[in-house]
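First chain written, first letter: the chains are A, B and C, and each begins at residue 1.
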Amino acid sequence: MTSTSAPLYEVRNVSKQYGAVVALDNVSMALYPGEVVGLVGDNGAGKSTLVKCLSGAHQPTSGTVLLDGVERHWKSPHDAIEAGIETLYQDSGLAPHLSVSANVFLGREVLKPGILGKLGFLAQKSMDATAYAELERVGIAVPSSRRSVAQLSGGQRQAVAIGRAVTWARKVIILDEPTNHLGARQAGEVLQVIRAAKAEGLGVIFISHTLPHVLDVTDRVVVLRLGKVVRDAPTSEFSADTLLGTITGLIDT
Amino acid sequence: MSTTATPGATVEPGSKSHGRSRLLGIVSNQQVLLLIVWLAMIGLFTALNRIFFSVDVAGNVLLDWGPVVLIALAETFVVVSGGIDLSVGAVIGLSGVVAAYVMQDMTTKGQGQWPTLLVGLVVALAVGAIVGLTNALLINKARLVPFIATLATLGAAGGLSIVLTGGSPIGGGPPNAIELSVPWFGPFSTPVLIVVVIVVLCWLALHKARLGRYTYAIGSNSFAARAAGINVQRHLTKVYVLSGVLSSLAGMFLYLRLGSGAPTSGAGMELDAIAAVVIGGAALSGGVGKVTGTVLGALILTTVTSGLIIIGVAPNWKQVVVAVLIAVAVAVQGFRRNEGASA
Amino acid sequence: MLGLRTSSSAVRGLVIAGAASVVLAACGSSTPAPSTSSAAPESSAPAKSLTIAFVMGAEADPFFKAMKVGAEAEAAAKGVTLIWQGDPSQYSPATQIPFVDQVLAQHPDGLVLIPTDPDALQASVAKATAAGIPVVNVDTHVTDLTDVLSFITGDNTDGGAKAADAMAAAIGYTDGGKYKVVVGLTSATATTNVARLEGFKAAIASKYPGIEIVDVAYSQSQPATANTNVSNWLTKYPDLNGIFAIDGTNATGAASALQAKGLTGKVALVGYDAYPDNVAKIKAGIFTALIAQDPAAEAKQAIDDLVQFITTKDKAGIVHEVVIPNVVLDKNTSDADLAKYTYVS
């Protein structure tokens, strides 16, 4: 259901070099509201670098990043987060020693009203309640939002991490390998959350090695190889075989 | 969205299991265990010599506890953030010595006790803040790991206080300053009461305020903290400066206790701080630690010191007792971690 | 003696060792530069200017600072070039041996060595002797003194005995009376501590049988720990008569504990080591007496011995083992003497 409206988030001719190594070479891609774009490629194809440029963790060497048609220069992940872009990094999105609600509110803590808030005191009860309600709203339930993340199962952690991203994202969600290490049922539930985010009109960038998941949930697929976009087409044009062939280069583009 | 998709284990917003887990929590709670150990120690020492259970001895223990808990609190913030600060003991010496020189000068010029002590305090705090800032710069900008960075400042601060003094204690400050260390409220003296207030402030900062939340987040997963938009470097700067400032307060405390600033004051006390923090249940890998645990850890260490003197056992045994306590603390932690993993 | 000369635990030694190397690195040289002080030859100077290397224990210790002053004065008087070397803060053979190797490479005419370990430094003495460089030991000595020209030391056992005399006088000892005293030590193994305690105990046994040493404890180089020890003793023994604080660290801790408990002058305090702050406390009546060493005199004797041997190649008149007695400072000591024996800082 690719929209014909203006792109929500876009990179144009972005390159990224680390010294002599060219990680991204003149990459352009666009994401529309309510669209799920799959970003695939072999190891070293440039997926992680592109994610870092999109999330504000790294700055491109050249090229432009546009949000709602306006050129942006993220100096840190904080800038991108403020602009409504949430990123879920592979395997390391949460602080395990903190509670579920502390993780959901990490970096956006709610302070107590009045003078106590000015002194930096946290409104913990209100955050606990809100975190529980918000996670439930996006389709994730945890036993208690006061429980520490370390006490959750791998699937629950991933759910909290995704729920956190969906809760806060106002425009774009970037999910780096969100179904990694998950069982079939749990992965299916993650895909369900992605569909829900899409239904809310968010743009989703879905990075995965698990091609059936990509074919299942995305509207469009962007294939990277050696830092270049080699294919950018609606998901309907791919089969599992052709997608794999495009990634590995067996199918000539 | 109305469907409830739950990856992972079963969902139970359960309040039923809550009550039982709370009871289990109390039993396996390190703070409660520490309190039991501490009370048992008091009982044992009292049984061996009645004099131990007296306001006088409690006063001695608390005077000992003051500086130890201050640097242990400093270490708690740093350890929770995933780092370590080896310079806390050296800051005691350097801040005490520099403040002692300033106070000696003011006293020679006929200044009164209170203005002199106030200026001395400000100077000490400034020394602590500078060492803390240096640690932060070495960690954030020079990219040294905290162990190496603070080992460097330990050497520099320790060396500087010896260079400044030639190794001798510096006296000649307000002549009656030592009397401030005399207990007047039961076993509590004014410096100890101030330390109690600082303990409460540290508890609020670490457990109830954003400062503490960020400290835990960085120690737990600094990548996640950075990804969540937290300015990790700026926060670590705050943590190390706070550590330096708390250590310099310990330096001032020892000045009031000894009536002089000695360059050897605090030498090696970083090990006491780390021991108190570890006994208190903190993990040197970061993200774990509590002010209550640290307070009890420091109390246990200093109770052992005085207790062994009172019962007439060579205080070298303290090292053995501390070693056993650390081993037990680490074992309890491992037990709890396994428990958590299987939960 | 300053606590840094004894490391109470292996871990602490490790930390200090690291710290010391950092200090050296911070000075911008991997091999520490010697602090050389040459003096204008005087009329009594030999034709060729002699160079004497002096490798001491720990630069930071006021004891060695005072020794340096004495060494420099005597070097100037004899027209000798002095190479003063040693670790900034750590009293340890591991850090000292490289310093010895380094000064021997400069081929001095003589070496004054304060061995930080009797066995570990034996090889260094042999190395110097093999190179034709005569060696004098000061303060402490290597196990085998055969190759050593002379050994000059302060008499810590005698100092302990003098402390017992001062204590007996302070508590108004009379035969038949019963008195309780405690001794604050730094560690159970520090040789100076051991010798002083031995002398103290021997004098009490022979001359003051009414005095009982009811407790000893260790401060581990921490004045605050010394304070805690004494504070608890004052609680434990309400009828305590006196405290013997065996070194500077314990003296500082004991003095502050007495002050805080308001027992200054009521409990006798005999201290050791003439730190300026402690000397000032003699006048204030906090210290009944302070026993002081004379490191400057030790250094003077060492340089005199070496100069004589190097210039005359004759050992005649050089005493192989010299003991420089400790002195007692109390409220009757003249200001001039107080100033003379106060360790410089």
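Keep in mind that, in the parts below, a residue touches a chain if its C-beta (ideal position, glycine included) is under 8 Å from a C-beta of that chain, and two chains touch if they have at least 3 such contacts.
From a predicted model like this one, the values you see are computed outputs, not experimental measurements.
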item	value
Smallest number of contact steps required from subunit A to reach subunit C	2
Farthest-lying chain, centroid of Cα atoms versus that of subunit A	C
Whole-Å separation of chain centres (CA-atom averages), subunit A against subunit C	69
Whole-Å gap between the CA centroids of subunit B and subunit C	34
Cα-centroid distance, subunit A relative to subunit B, in whole angstrom	40
Contact set on subunit A toward subunit B in their complex	55, 57, 76-78, 81-82, 87, 89, 92-98, 102-103, 106-109, 111, 119-122, 124, 132, 136-144, 148, 150-159, 182, 185-187, 189-190, 192-193, 196, 199
Parts of subunit B lying in touch with subunit C, wherever the complex brings them together	49, 51, 54, 56-57, 60, 63-64, 67, 86, 90, 151-152, 154-156, 158-159, 162-163, 165-172, 178-179, 181-182, 254, 257-260, 262-265, 267-271, 302, 305-306, 309-310, 312, 314-316, 319
Complex contacts: residues of subunit B adjacent to subunit A	1, 3-9, 11-14, 18, 204-205, 208-211, 213, 216-217, 219-221, 223-231, 287-288, 340-341, 343
Complex contacts: residues of subunit C adjacent to subunit B	2-4, 8-9, 11-12, 15-16, 18-23, 26, 60-62, 65, 88-89, 188, 215-218, 220-225, 227-229, 231-233, 235-236, 248-249, 252-253, 255-256, 259-262, 275-278, 280-281, 343-345
